[in-house]
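Below you'll find the structure I mean.
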């Protein structure tokens, strides 16, 4: 609840439009819907630019279905991340949302009732290897659901630098670049030194041994010698795309 | 064996009520029952406020069944934690304890022969997300078995602060608050700054990547900038509830 | 700002006692005093039981002096933790607080203008070794400043169990026990199995090699097999005492 | 060297404006100046939006002085980070740069020959505590050197939530928010849930014990439950400000 | 090959009993039998007190069977550790070793053709909990195979100290005590302070969360405040028993 | 793209053999083949001595099949690492590569259309234990595919030093020695002190408990007191063999 | 207090030699001397074979002096570990103990009023390098103070295996071998495979980089492939010698 | 002692040239010189290609001086690593070695009595930044002392890729490339993908925060996606150069 709204509420109380108890109610109950096991934050889009998203792990199928339904009822696009096939089938079962679909590589459940108008600016997503594609897909689906224009560049890791250099011109047209890389995560630094827009680095758990499930790439990206690189959690394609979308949305298109 | 009892024993020896060997026996064998693979601490309720509880992992079904039976024989409430369904079925199999039940979310086996008188004071349990509910359930069942009054507030994580603020009035009535949160575990600090009672923080393994199975939340809670927050092991709903119950039990009710 | 106060404020607005802008001001500025580099939370005592405390590391002498002065002006007891001698001298320099004193072992600056009425209940602080005394002292000074009755039991580590057992009767009279131990931190578990009150464990950085600056003791205490033990940060005597004081304050005295 | 320039170069070769060896020279030597121990990247401003910055640790005074001089010769603003007083004095010694200054809190050497036109958009920097101010200062000086408008909000950590809430209206006017926090780093998540612009989180090494020199805050921020938060290295105020400036520079001002 | 044998060999060369090539052969090939994938160290008993033991993980069934057969052929007792049921069945399949048996709790394959004469001295094995019994069983079977007298004390963890104290007299009769404990591993320190013989501590992976698969117990035991405690790898019941047997074997029996 | 080729390209542009756009095309597209999800680096053999190799984890069967086919089409040997049986079967399914085979121990798919001429120099691979053989096999198959002469010495770990010493003469004839060892990884140091050629150490994840999936061996090898030892990732038999092959290829044979 | 003594005490109570309160006193106060900041365990020699030792870090000079005096008063040998020169001088200052000496390499304060009769058996201490000598010295002084015969073998690390092999005959005569090694700690495994007596491994913090202050050596030693090796804390020469002395003391001399 | 020499020795024994005791002496004492605190391995050059080197940390000045003198006496080049100025002055003090010099950046003491003939092949050393120069200097001095031809390329880190690409032609002429990089260590992967010779990566402790003293660079290099990269310990310029020299020495020069 922002200051504007608080002021408005106080004025209504002063004018007698609300009595005290009504105001108390408003202050406490308005911005979310309480399902007991979850409190849905319908207010989020106003406060934080984009509507709430369902993170599936640790939720029962029944909980996912119910939250999904409440969000869908508002007419919003609905996105559920890290969903397995069974969770998708639970959501699709009732037949309530005929257009709901499962993005397999990205492991996402998607309901898109509103045609999205693509942002003029471009978000470029690059992956170091083919194995990083699932995380990149999560980023791509997320950004597209948030109305962004996205281009994907796969397998341009630094061991074959010419594969990256061959795409530099395209990358330099982007408003934001998301770099998705496992193993040593060096791609973030190299890209960060070649473009003049924000770079969001996503370490992935691709690798083995001393990659320690993505720790090596995470540390590398945090220590990037290229300024302008920021980092999200390991395998967090969603978070990177969300941040990229916030940035892209308000940025003027590159000439 | 506390000092009182030791003094009493010594007096009996002096008076000739016990001979030396009997006294030695008493000192060694009285406070527990030895099953070979386990030594049941029937004395615990006197020494430590509450009776012993069975921690299931690493025990064979047969061991669990036998320990359960010995504890039940004393007429106590019996609680077995981190039990899977098969372990419950092993306990229930003989039909010896018709009222034994399985708390699925909490993964607990519960036998409650004695009606519990609820404490006047309130233990509030809050979770940051829906996925933290299983750990919160373990805490809730534990505290209720120990005779406490409990209220559960789910999904009030700090990313939607108004969900928490909408429940602050209720939380401020509690004698103890248990905060259950994974990911970055920030909820403990925020709650810790809003209430004047003890806060017990339970980090959960909810999260992925750099949450390192709950390490991120654990470290965050240990470093809480809000004084008055103490912490238990990752996913240890039982331990938090046990500590909260000890505190609540002797605390006068809040006005 | 709690619900009670919000309701009161709203009523004043309704009655015309406050106009909107005044109310906005109140809501925004009342509970803290802004020094630019710090926002002093004078409201804290009402909201969280005890007044704010100054954590010295990373603050300039000038900042400490100014915050100290503002807190002292309210007539409260003032406590500054992890202060070195130079920081104390900076505070004492002006001569404004003739009774200010430096607790050397505890590394605290203390100003105690109000005579404290000791709580009836007892907080027992036990240390595993002599080297743990500084952390225990921080806890002792803190609890005493918060008006608690404290008793200190030093050097009762588990390698000489009889030293602990010789003090068990005394410990069993406490309302809360704070266990301060470095190295393997085993004392927390042993004490936790011998008393029926809450045990707050403080791992210390006492040790070398694989103690990893207190990590060994921290992990041990988090994994305590004795239920009812909660843990605070390494060397955090202040936090343990703060939590113990909150508990002790509302607990009826032990018979 | 971007594609545009490569194309231009190729055209000059085709037209005979450059011979092959000249072109080879250009391709190899143009974009940096080689001092032996360092290769100064004068080209950086064109490629990456802002000129190169000197990272002082591990460099000898003589190396710093020489690099500083070369960058200054181009008429650019020059910034040297993590500089101690002695390094500043070495730079100032020759008297070559009369306007060079030392930013003590930020530990930076600054030369600002060109008046900076402040960006219309606002970068807000918030700190959890007073001890986080040095890192925030590094961010502030950096962003200002890059021509940004900056506002600083100190000591609004989550243990006194009202201090933050009292400044929310101001924060919501920013184009980018930089959150600087040590200990448990919870502030990033709370701010991330209250604003609709990008949030860049800077974990600091403020804390002790299980903060492990900033690791706790770093992990917390990477696991933030608030989408839209990205993270930089521990204590990396410079990097956060650099990324924020890139974003702010191309973003339309908020209404 | 020890010095004695080397001297003998040299004398044979001098006397012409061996020619140079024979001597070279001897020096290279005598002490082990080469199966290609494994080199069996039949010499080990002479050099290191006890015969070689088979560590099963990572070996194919066929490799285990073959190594087992070669060792058995020498008439020695054969021991295979960390064996699963299928590996046992592969060994038993041929019917070559009718007396071979599977120790289920200890996960060991055992062939004991030679009646073992038990050492006069006692090795006591104590476990903190019931879940530590498998590791203790590995230790027990190992020590017995090496001809030692062993007594097992289960579930005497420090949370119920009287269970341990009730067995102290028995423990004090041992020549070596092996302490097997997971979680916080405190039992090693407590036992170490109560007996005057060597204590070998075995941390186990029993626990969850911040036990980090036995790391907490391992660190605790390495930091034991009780002198005389040495430590082996997590869950290494075999290694502890092996070391204990070497010690016990040459130690005079306690009066 | 190396300098030679760049010079050549520039000359063609100058002479009018290529127009600018063709040159741009060449520069961007020549050195790899783009499959969308992967960019195959056919150029690698020229730039880096050996052709590209397929790392299977995280790739779909379809992706592996397609990349395999493209590499095979060039007539090269094709190698796919860390492949499971199902991935092999997918590749073999079409019948397109009748000679393709699956190396089970090494978990590799191998297609070897070109007879390899073995290098004159020898690469020796030694393993500490039998359980290290799979990693050693990956190294062996890799080196042989790259045309090297390889000899394998298994189970010569340092606990039975004579097994190693018995093979020292053979090892001293090698041009490169690859040491494959898990647990404490001591073999690398011992071998490093006995030979005068480069030693490449491969830590393996063989072990349990405090081996932490190969971390113990990795750290040991990095800290080897024997100069001349370099290290690759845990279980990275491929990488060790690749590096050894590069070295061996250009080294004159040992007398 | 052992069972024997308890029985005796009970008999005295029965016989009226002690009244109850006297018995209670005895039980509580007899076995240690309470200095407030320390409880001296004079009883330790009876219970644990050797008298108590002073660990200096974290103790004030005054505390060390006082504990030292109390222990000395009993006529025992007194040993203070990890003492710096200033601490020694504080102890020596009063002139009370004319024969007190400072062992510089070992950093120990030693008072040896009683001539020690050396044990017949030998404790061999071997170091991997010269830099490990201080830790070995701590072990040597400790063992000698405990009446053991000790021989020191320096700089026999595995990179020059012949240096070790040249001393094997001597090592094989020892009853216990203490291996002191930093860096990769491989020496413990090699020695463990060559002798038939207990090996106690002491990892040292000698090394840099990925030795992580001794962690590499610690992990290596815990994972030793040589059975019979047990491990103590990093740099814990005292602990190793203490355990070795307990073992050696009761072991018959080797022929 | 290699097999050749053993055979020779045996022949001498057979022929009566040596008696048994002499042979035993030879076998034990020949290959090293025992100073008590150190055993100098004069034999090393024969066994391991290059003479022994002195690692200074943890050695007293006196020990360094004595070892230095013994090595110098053999007429060899002498190298002491990680030496501080005081250690150099101790060595230089006696005036025994007038040509001894101190390499300040490399922190090495160097005595070079024999003119070195440079190898025909080239070792290229590249650093990511200026702060990596000390480690690179250690590598350079080492390799030159071992008779190698070395070229140094400083400050070519990946954030300004053109600085590296401008030197690629030169790098491609090397026989071995040593990559010295801190922070994220990405340079190793990029170089590894551009050259066809062995790449030895040296992570440095340059960086702060989540570089964790070089851990980030170390992990990155171990996980390099470029095959052919091997890794040495953090800051181990000596080790990298030693390995590179072994390789370079036997490699034919590149055309």
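Each chain carries a letter (A, B, C, D, E, F, G and H) given by its place in the written order, and its residues are counted from 1.
Everything that follows uses one rule, which is that a residue touches a chain if its C-beta (ideal position, glycine included) is under 8 Å from a C-beta of that chain, and two chains touch if they have at least 3 such contacts.
In this text the structure is predicted, and so the values were computed from the model without any measurement.
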item: Same or different residue numbers at the chain A/chain B copy interface, by half rule; value: different
item: Label of the chain whose CA centroid is most distant from the centroid of chain A; value: G
item: Rotation in the CA alignment of chain A with chain F, degrees, nearest 5; value: 90
item: Separation of mean Cα positions, chain G and chain D [Å, integer]; value: 53
item: Euclidean distance of C-alpha centroids - chain D vs chain F, Å; value: 41
item: Whole-Å gap between the CA centroids of chain A and chain D; value: 25
item: Shared-contact residues (touching 2 or more other chains) in chain H; value: 3, 27, 129, 159-160, 192-194, 209-211, 215, 218, 222-223, 226-227, 233-234
item: Residue ranges of chain F touching chain E (in the complex, touch as defined); value: 129-134, 154-156, 159-160, 162-163, 165-167, 169, 206, 208-211
item: Of chain H, residues touching chain A in the complex; value: 128-129, 157-161, 183-186, 188-190, 192-194, 207, 209-212, 215-217, 219-227
item: Chain D residues touching chain H - in the complex, by the definition given at the top; value: 1, 27-29, 31-32, 36-39, 41, 43-44, 52, 55, 57-59, 63, 67, 82, 203, 205, 213-215, 218, 233-236
item: For the chain H and chain F complex, residues of the former touching the latter; value: 2-3, 47-50, 53, 168-169, 172, 175, 192-198, 200, 218, 222-223, 226-234, 238-240, 242-243, 246-247, 250-252
